[in-house]
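Below, chain A partners chain B and then partners chain C, in two separate complexes.
And now, the complex of A and B:
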């Protein structure tokens, strides 16, 4: 639309649309911008800049000294590797276990189906935090087969391991529910057609159902990474079950910055370092993120 | 996340399953004697088994252990075995433990503030970014950004912003041309909870914006066109067409924000430790305090059970209320 064809109201209308949206954008962005710019400054500079717009600008004595200090204070790469490993395992095993369970509930006839489905619906409203106390008690007493060289040994207690951070969080009632719902919307008769071609259930599931269900797999992957209490954002659970430093994930690392004197520049550098990877992934797959959370019905 | 909108999973014995039964029978005869139905039973159990075992062990199991422990004086590390003490934990929670009573009040206060603010602001944002305008994807991304940022990170960041010499005060002082002197928001019992509400909404509202957006986009264009033909103003269109059609979405938004708000913990743990003077202590914060810091897991289990009953009751009430409204 050129200026000549523009109605007199249009410019005013545009202002009315964009002004509130921009103000809201500032509201949502300012803490994040502040976090990144403060991470480049000394504590003295951060506080000196606080009462002007300089707080949001990388000005004054800026540098990467805080980032260097973070690497001195915490084993950052180790924490990062732990978080990536745990997140990948919880997500990957979760996709297999939850989708297969959802498949059995949505498209197969078997005794006990109604009971299992009822239990899954009931656990949907059970917040994880309510059972965290007995959970710790339970995992502290569970057996595990470890290996000393090649000799298997029976160990008691899962505390201070990777598997205590992974196995309890593989199953997810909400993911099962989403899978079941999606699978039941697929066309009828897929299994019968496959059976006539001689395909067994596992083959039908893997070769026909999974390729048809990519959107729900994307949704569950994104929801697991962003909202699960055991993946990238894991904090309370590893804080309680993992004491050894070499197994801890990134969020627990924030504890290391509040021991004697808090250097806020370092804190900002560390939280920028653990936030930016997720933000980068989000911006790269922004449409997929939003579409996934909205569910299948959203057109864009 | 379309539960709120799309249909339910068909129950066994529904028309679709009955139809499958007959086609399964066809498949059986075609396969020439292969026992399709018994095969289906076995296959289904095998498919569901890993999920069921993990669910029993890590979801149902702890819930049952919690139920049993809540009637004992179990401690995390103790030389003596736990003893059955009947309802003593519950009596203590409701009559002796004033801080727990206060924590229940704080939790309800937080939920009562966050549910309408976050739900309402989420809808406003969804309406804004649903307009056919240039740059809407940019705004969607920006409004959603805090959602993918960890609550631990955000709590730390806002704790710093809320300090007496922090950014929130300098911004307020700038906006009021120096008339506002500023205060330490998290150290004042009358402002600490409000401060946590603001940052919680800031973090979570983008998620619900997306849910509302999906609901808005599921409304067919023709409905609005019909409204326009009837001469409805944009305002009337919103109240008479959009809002009633968003009812299923609003049930989902209401229930998810309520459950999340009732579980308030991380913000409190990182920003205030339940203080000042217990003004931000919440139910889950007390459960973790009693269970881990003070190692009274029997008592913490009793608090968990009370919490579960409260959340369950609220979910049931909300469902009942929203269902009744569905059938006028």
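And now, the complex of A and C:
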């Protein structure tokens, strides 16, 4: 077989792979394209275009009025700042705590390790919604040290604060599981060499394990930001524990648009605006994320 | 080296810990002595928030003992928020409550009876007063009323009689009107029932049809069972009639919320609340707001909407004082002017653009007075509403009507029994 005969065959095979992949990509992009194009239209235009492909095209009566209206209906920058702050705290503290926990479970030998790991995994079975009511009751009665000026004072109840949106969600069983799985795939020789050089557990974790585990850190970052009930998509928990508008995150803001006469163009403009940071996070971490997911389940 | 790394981590943590209070410094905080904290369900609704702020301003300026402050919440999530606050002992002094939820919240201990002079409340439409077991708990500034929105030109083209309150459509006339309109006017649907709105809309909008047939959501002689009321012969007739609207293509089982099919010209008529009236008048210059049909026992529409109530955690004196200020006719009228909803008092109606004696929406007040039926005034209503929504949806989508209604009755009765009759 010559090179000349191989080329068209390779090209044809590529076509067969890329054509369905492109179709799938277009299919999955439809909701996002619809969201953005509808955000530029009046309600009348959105519903008039609904039965045709025009729904996905920026045609007809279009403009940026819906985006301007968003700022009148919700304190957008405040909600955005709250979500960024809570998401950053839960993610950053979570990466430290959960990776250390995963490391202790995967690499250190201690009595009861398997039972503790099993117990942590078992908590994944419980849906968040089933535990939310006792959790609300619990956080409403937890103590906290606040300040009156510079004088520390003991307060009871975490409701209506930032820390009620952060602390209960730092520990994440699924993140611990992912870290433990990834760490257990690293060669043992690395730690043995570090131990011979006099490194303790903490230094080995910080100087050897963490630098080798960037893909799993990227994966946990994305999963925490996108799927945790307390980060970007936080809705039910802040709804039940935060009463002050100044502390609300972006997702609660979506409900501000559902009035007796819902303006769908404004809804689409708002969700377009709050989707942008998520897309940016995914693009920033996607290479490491794909590498980690592709490598999941592979062991030495 | 290791210590330096830990120091970096500690610094980062400290930065985050400091940023939290810095952001929180802008927040208002909870209620304290002399402060009346008010919660409303109207976040994002500038029209209603604007009037509430006017009341707060008038109240704060009119006395020195209390300072009212408000916190607003999005409507769809509001009930969950209030229930969570009740659980954690964090209720405000006053809050808004949807009329049918008053018995449940009163029974659960969230609300306290309202103590304002009867001359203040006597002038309000009966359906704007939240009463449970002979105790007044809440009062609303406004009422809503459903009617049939139709275009005069469309009815004339189909040669359909325009109904009046003196002579509403009978069931047979209504059915014939729908069939003629579907056949003659070129609309895709004869009537738009906004079926995608699966919240409170189903019991609010569709149970009055059931009541017009002679059925009900509950046996109101005892408030202990739905047996017979929701699955008897009248209810069965309602279910079969209702299902036929969708099975024969007269109404879309998946119609978007907010009467969009009517506004887009896809449906010839819609059954809609008066909050959509101003938009319909802007869209069509020949829109009519017709009385609902008499399906057997007279026309019926849903009654009872959002109201103000003091909570069990309220400073009673302050809460009552705020209510007396809030219930002035000028504020009742202002709500109606800004939202298009029905003012709760006659004196306020005369101050409004649309509901005065010659107002273009005056008929909505008349419909409300003549036809409104409150949803069952029982703590069980929260479950009844949810069950009715689910099973009415099954009927719309072709479920066996008798079996569906029997299943609904079984669920409602089981809930009432599990709660020892809810005090009845």
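Rule of thumb we're sticking to: the second predicted complex is superposed on the first by the 245 of 300 C-alpha atoms of A that agree within 3 Å, B and C clash if a C-alpha of one lies under 4 Å from a C-alpha of the other, contacts with A are read in each partner's own complex, and residues count from 1 in each chain.
As a working rule, a contact is a pair of C-beta atoms (placed from the backbone, for glycine too) under 8 Å apart; a residue touches a chain by one contact, two chains touch by 3 or more.
These figures come from a predicted structure and were not determined experimentally.
Trainee: One more residue to check, A:133. First (chain B), second (chain C), both or neither?
Mentor: Both partners, chain B and chain C.
Trainee: Scan A:11 for contacts with chain B and chain C and give back first, second, both or neither.
Mentor: neither
Trainee: Using the superposition on chain A described above, determine whether A:47 touches chain B (first), chain C (second), both, or neither.
Mentor: both
Trainee: Once chain A of both complexes is superposed, is A:35 in touch with chain B (first), chain C (second), both, or neither?
Mentor: The answer is first: A:35 touches chain B but not chain C.
Trainee: Who wins on chain A residues touched, chain B or chain C?
Mentor: After superposition, B is the partner touching more of chain A.
Trainee: Touch check for A:284: first (chain B), second (chain C), both, or neither?
Mentor: Touch partners of A:284: none, neither chain B nor chain C.
Trainee: Should A:153 be classified as contacting the first partner (chain B), the second (chain C), both, or neither?
Mentor: Neither partner.
Trainee: Does the superposition put A:240 against chain B (first), chain C (second), both, or neither?
Mentor: both
Trainee: Between chain B (first) and chain C (second), which does A:19 come into contact with in this model arrangement: first, second, both, or neither?
Mentor: In the superposition, A:19 touches no partner, neither chain B nor chain C.
Trainee: For A:64 in the superposed arrangement: first (chain B), second (chain C), both or neither?
Mentor: A:64 contacts neither chain B nor chain C.
Trainee: Both chain B and chain C touch chain A; at which residues?
Mentor: 47, 133, 136-137, 200, 202, 236, 240.
Trainee: Quick check: in the complex, which residue numbers of chain B touch chain A?
Mentor: It comes out as residues 1-3, 5-6, 9-12, 16-17, 19-21, 23-24, 26-27, 30-31, 36-37, 39-41, 43-45, 47-48, 50-52, 54-55, 57-63, 65-66, 69, 76, 125, 128-129, 131, 133, 137, 139-154, 156-158, 160-161, 165-167, 170, 173-174, 202, 206-207, 210-211, 213-214, 217-218, 259, 262-263, 265-266, 269, 284, 287-288, 291-292, 297, 300-301, 304, 307-308, 311-312, 315.
Trainee: Within their complex, state which residues of chain C touch chain A.
Mentor: Contact set of chain C toward chain A: 1-2, 5, 9, 12-13, 16, 19-21, 23-24, 26-30, 39, 43-46, 71-77, 80-81, 84-85, 87-90, 256-258, 260, 263-264, 273, 275-276, 279.
Trainee: Show which residues of chain A lie in contact with chain C when the two form their complex.
Mentor: Those residues of chain A that touch chain C are 43-44, 47-48, 72-74, 78, 81-82, 85, 88-89, 92-93, 96, 133, 136-137, 140-141, 157, 159-163, 166, 200, 202-203, 206, 236, 239-241, 243-247, 252, 255-262.
Trainee: Within the complex, which stretch of chain A touches chain B?
Mentor: Residues in contact with chain B: 17-18, 20-21, 24-25, 27-32, 34-35, 47, 50-52, 55, 97-98, 100-101, 103-106, 108-114, 116-117, 119-120, 123, 125-127, 129-138, 167-171, 173, 176-178, 180-181, 184-185, 188-189, 191-192, 195-196, 198, 200-202, 205, 219, 223, 226, 232-233, 235-236, 240, 251, 254, 264, 267-268, 271, 274-275, 278-279, 282-283, 286-287, 289-290, 293-300.
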